[in-house]
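Two complexes, one shared chain (subunit A), two partners (subunit B, subunit C).
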Partner chain A sequence: MNAPTKAIGSAPTARRSGPRFRLTAAQRGILLAAGIFAVMFAVYGWKQSVGLTPNVINTAANKGALLALVAMAQTLPILTRGLDLSVGAVFVLANCLASSVVVGDPMMTGVGIVVVLIAGLLCGALNGVIIVYGRLQPLIVTLATGAIFFGVSLAIRPQPGGSVNFEFADFMTRSTYAVPHSVILLVMVVVLVWIPYRRSVLGRAAFAIGSAEQAAYMSGVPIERAKVLAYALSGFLAAIGGLLLTALTYSGAAKITIANDYTLNSIGAVVIGGTSLFGGVGSAIGSIFGAFVMRTVGDLLIVFDINPVLQPLFVGIVLLVAVSIGSLRILRIKNKLDLYR
Partner chain B sequence: MPLLRMEGISKHYGGVRALENVSFEARRGSIHALLGENGAGKSTLIKVLSGVVQPDAGTISIDGEPVQFANPQEANDAGISCIFQELSLLPDLTVADNIGITRPPKKFGMIDFAAQRRIAEAALARVGGESIDPLATVSELSLSRRQMVEIAKAMARDPKILILDEATSALTAADVEKVFAMLHTLRSEGMSIIYISHRMNEIAELADTCTVYRNGQKVETFEAGTKSDNAIVEMMIGREYDSVFPPKIAKTLDAAPVLRVKDFSWQDQLNGINLQIRPGEIVGLGGLDGQGQKQLQLGLFGTLIGATGSVEINGKPVNLTSPKRAKSDEIGMALIPEDRKGEGLMLPMTVRENLSFAAVEKVSRFGLVDQAAEESAIAEMVSLLKIKSDGIDGPVAALSGGNQQKVVIGKWLMTRPRIILLNDPTRGIDVGTKQEIYQLLQKLAGEGAAILFYSTDYDELIGCCDRVLVMYDGAVVRTLSGDQLTETNLVSAALNLPAGNVEADIAVQAREIAK
Partner chain C sequence: MGVFNAIARQFDRATIIAFGCIGVLLLIGSLAEPAFLSPQYLIQQLHVASFLGVVATGVMLVILLGHIDLSIPWTIGVGGMMATGAVSILGPEWGVPLAIPFGICCGALIGVINGLGVAYLRAPSMIFTLGMNAVAQGLMVYHTGGFAPQDRATELMRELTVGQLIPGVPNPILIWIFVGAAAMFMLNRSTLGRQIYAIGNQERAVFLSGVDTRKVILICFVISGACAAATGVLLAGWANRSYQAMGDPYLLPTIAAIILGGTNVLGGRGKYIGTVAGVILITILQSMLSVVQPQRYFAQLGLDFPADTFRQVVFGLVIFGMLLIYGRQQLVR
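Now for the complex of A and B:
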């Protein structure tokens, strides 16, 4: 009798096909979202009566960049398999705060900007600390803190109003040689915040946590610090969005519809951008394109002369289609139980 | 002086003793094998050593220095690297990320990806996994390749003490050879290696010293090669039987099989399984944990896509495509799953709701639940199973583990199944409830149910089953019944050692295979 020495498991599948271009799941998500956006924007430009003039591009970029920043903020908690329902409120809080402090001479304006960014960072850090050390569900924690942040916004600005340093506002929303400054801002955030984060130990820890939290713990990953940082950076990015909003509107307004609209649409943008709601896979760059996809829907309705009231309907359809394309992996599942994990 | 010394280690989980006053030593430049049945305490000892759990009592010292580990990171820092049988890899990250995650190389405060890649390549080369692309995502790799990454990850930490807990069970033969070659090299370089495996041939090839555990206690430590395989198996099992098992009901099994499975295969985890069960028969599934027993039951229950082979119920071929179909009147199958909390119960819901979930169609008319019928069916089940609860309208989560298991069983008995598949139903429950479950099985068999019973407890298989199919590597390697159904036979069949040979033969063969 010959006892098998072969171990359980699969047949040898040693394969390494030389240099190759295989994309990671996150890169596929970015490309998909960028592709959808490119097609939609091309159609928009083609149907536009004046074509894609610098002005048209600048307007579209400013609108998209707002949601893009909030969506980037949402990406970080989702990567850790969490969620941040307070991003919209932090966005509004930063707007209200900025309409009070980003004023006066350049020196004071600069200080005001820093104050707004630190406020956002602290809001996010508060979320992270409660979630990590209170061992509470991110969903309910950020729902509660979101209400608190919105309440603070109302206290700061009970009525819409305030002002902002005009030069700053104009500079943020202008374009140079047809390149919108809001797009430059997005690129800078990617280069100065996202890419260093992605390459930092705590950034990778965030991916590890979302991928398999127990395995991350077993590997000695700094789980608690990584989560707090993810939420803190989320608040920081949402505050940048709030600053841009202030620059666009020249004022501050504590409107709950704005907070809710941005929170919910940010989740949609994150998912279109290829980030998994189960955590561990994704990229804030994808979320930027996801945001632009969602915002372009409105522009397309205008050029096709469809009542803009119907925008939510079309946004919903685009969201469903994009998510369906991203979940074709289900066709490869071999044990039906895996579908329900 | 031994490199590692553990003394008087005890660990209890609730009332269950996992380790009792165990001591252990490991030397430099030596491979020490830990042997024992499932649940003998080996894994707990390793978890204590690697900082995953903290012992209730006892001391650990390395190089004579006493140490204490509050978490896995501290054990890592002390030079202890453990390769667990449950993978500790992060599936969405790259191979290089995984290997570098415990001690990432940094440049300007950020991870130095180039250096990390070099470290990963070196670590992979060291374990013989050069062909693995460090930039591939782990979830894209086969199980064997992943396990190689796991080993490389442990090696990248440059440990003084390397622990392999069933680390080769997922490897292909080619990879096993590479890992063995590496272990031999590491031993000659002075590393202390602790090796856990159920594969006797591997232990014969690798180990310098062996220690056998049983029931959370150390049985004996001896030099490898001084005992025959049979003597080792005896040490592993040598405990008295507790006669907790009700007498098997005498029955004449002349009815035609209710379930007949031919050449059942799935992926590479089930290989050509044939079995048949007659009404009233209790058929056991034995073998080491993870040899395809769970997959076989899931396959019969219709959750595996792409399973091949034929299944006949009462002589009629059927196509099992989903649990919904499996439980239909035509087939009448029930699966009591292994993962009670995940697959068996809705923990926050009431006992009543949990009991009637699976059988709700049987107590409904025109899509509406007949409350009176439901009530009486539930009352019958609660009294049959002696479910102890504060009331059937309380959440099932409030029940003890044993009573929760009864609810899972009751839920399926309410469908009045003809074929009952049980996946290790007594794992982690108290002796009293175990005994009640054994009695229930005999009663159900007496009433004509066909039972397929997987258990990791050999006593249970012997005490309950009419016949036991022993699985190894996704196939049934031996069928034991009557006088043949002994613990020694079960263990040697589970290790896939040939039956009935003289001891010397076994040892010789094991060594030949190992070469």
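Now for the complex of A and C:
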């Protein structure tokens, strides 16, 4: 897609090379989500009384980045045609853990961050191991592990509270030259985690499993390892989100509503980002934009002077519209049988 | 003999294990607290279970189709809040007698939209019902202006939940028996029931057999919405009022109960008796954890855990234990 002019050549060449310049479904999803976000954010900036100051951008970025990380975490299992209903609980668990261990001098803080990330990785790996070797449905497994993870976070932090290393928290939520550090964090996660994963054998295996598990197995794809890795990385990303939440709130709180809210919104963000719930198609980058779309809905309500308690209504409508756009394909279907799986 | 076989067919392996677990739980509980085996306690548990049972009936149909209904929490809320709010919406003359049908109809309406989206627009049920849940929440918040609704439950609603038509048996249990019997009859003896199981296995084949599968899916979502709203009406009668988020604690237990009862999450397999077992199991488990209070023993060891920790962790562990016994899937080969 780097050179559209190249496609315009002599007619036979164009026909032959035509498909090469077509965007994949995942890329179209990313572009659509990014477009919706750009429009929404532009409207937000235009209606905002103070305009898009670095402060406004930073606040919006921090809020969006939280959901974006959880949504990226949700993307990986969904790509394998699974689902992770425990991302919200891992997110809260990481938050509670971080509010206890990410304290003290820089050395202690560093160790604490690593501990939180490893805890997230282990939670995800536990999901994966149970799903793969227990041969159970992801939906119900993560429902159950979600309850367990939430129980553990309650044990860590029965009452909201705790603290976090101030410099670390400030650094994570500040912005430099109007570029919020949370956005840099997202870019780093994409560059250091998502892209290497996408290109690795196990990452491609995850896509293959999502498209057709049977065929993937027949082709010698390492199904078991790929699935465990997808869930483990999901826990890891959710834990990064939990760290960022701790940095934003300076405390930890084990609230079931937070866990549920992030789990449900993450699924919405994944869908808006163009990832198919049936697996095999999609991208974590799309989920980032999906998350920002979900969060900008709330901001738009405020600038349009609509009662903020109505936010769920609009988030719901955005979700319904997003899935209904996807169902436009039924207008193109020639054979009615294609409707049915 | 034929009757015996027909009854025995209803009890698959999962159901028997679930009922066995209920027995074991009660036995272990009675060692710690003899009151667990008293008729009063058991009736009281069935009373609490009947709320979960009614909502699980509807959701089970949807799960049998291979779909899922995540709009349960706020459909319960809509049922309760519309029933108690009927007086202010329909006026005092019509509002009192029509309160219950009005609440259930509002829930059914949510089911209609879910069904249209899933069956006709072919949207993934998980995300569509999730969106509907948010929309229902938003509408209810708009209806109440963000505050707790002040409307009280009507006399009839109170009577339905706490009254006893048969002495000693609270009415919700009768309602659950009625709803459950209707669901069992439908699933086992009617064309619709056969079509539901068949769609869960292979919708394409059912469509090719000349069945309007979309209509069947729509009907199941409507039933699910109506059942959830009926639960909301009962809950509002029980608490004597409706409140925001009254349905929130019901989503996970509902799905867990259905799956513990041996219904396949991917659809096509499952017996209603299993769901009954799952509902009772979940209810007794939750009740026992709050009675036994395991945190007291840990407090003696100097570990201070909140009560909810145990409820959540044990809840999760039991689901695993049960599923590892009978919920495992075929290996991919």
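Following the convention adopted for this analysis, the second predicted complex is superposed on the first by the 321 of 341 C-alpha atoms of A that agree within 3 Å, B and C clash if a C-alpha of one lies under 4 Å from a C-alpha of the other, contacts with A are read in each partner's own complex, and residues count from 1 in each chain.
Here, a contact is a pair of C-beta atoms (placed from the backbone, for glycine too) under 8 Å apart; a residue touches a chain by one contact, two chains touch by 3 or more.
Given the structure is predicted, the values throughout are model-derived calculations rather than measurements.
S.K.: Report for A:Ser49: first if it touches subunit B alone, second if subunit C alone, otherwise both or neither.
M.R.: neither
S.K.: Would you check which partner chain A:Ala25 touches, where first means subunit B only, second means subunit C only, and both and neither mean what they say?
M.R.: first
S.K.: A:Ala215 contacts which: subunit B (first), subunit C (second), both, neither?
M.R.: Once the two structures are laid over each other on A, A:Ala215 reaches subunit B alone.
S.K.: Does subunit B (first) or subunit C (second) touch A:Leu337, or do both, or does neither?
M.R.: A:Leu337 sits against subunit B and subunit C alike.
S.K.: Which residues would you name on subunit A as touching subunit B in one complex and subunit C in the other?
M.R.: Comparing the two interfaces on subunit A, one with subunit B and one with subunit C, the shared residues are 214, 217, 337.
S.K.: For subunit A, which residues are in contact with subunit B within the complex?
M.R.: Interface residues on the subunit A side: 1-16, 22, 24-25, 196, 199-201, 204, 207-208, 210-212, 214-221, 280-281, 333-337.
S.K.: Can you check the complex and tell me which residues of subunit A touch subunit C?
M.R.: Going by the criterion above, the answer is residues 83, 130, 134-137, 139-141, 143-148, 150-152, 154-155, 158, 213-214, 217, 223, 260, 264, 267-268, 271, 277-278, 307, 309-317, 319-320, 323-324, 326-327, 330, 337, 339-341.
S.K.: Could you pull out which subunit B residues touch subunit A in their complex?
M.R.: Residue list for subunit B touching subunit A: 52, 71-73, 76, 84, 87-94, 97-98, 101-102, 104, 106, 109-111, 113, 131-133, 136-137, 142-145, 147, 153, 168-176, 201, 266-269, 290-292, 298, 302-306, 322, 343, 472-474, 496-498, 509-510, 513-514.
S.K.: Enumerate the contact residues on subunit C facing subunit A in the complex.
M.R.: Those residues of subunit C that touch subunit A are 68, 70, 117, 121-124, 126-128, 130-139, 141-142, 146, 203-204, 207-208, 213, 248, 252, 255-256, 259, 265-266, 304-306, 308-313, 315-317, 319-320, 323-324, 327-333.
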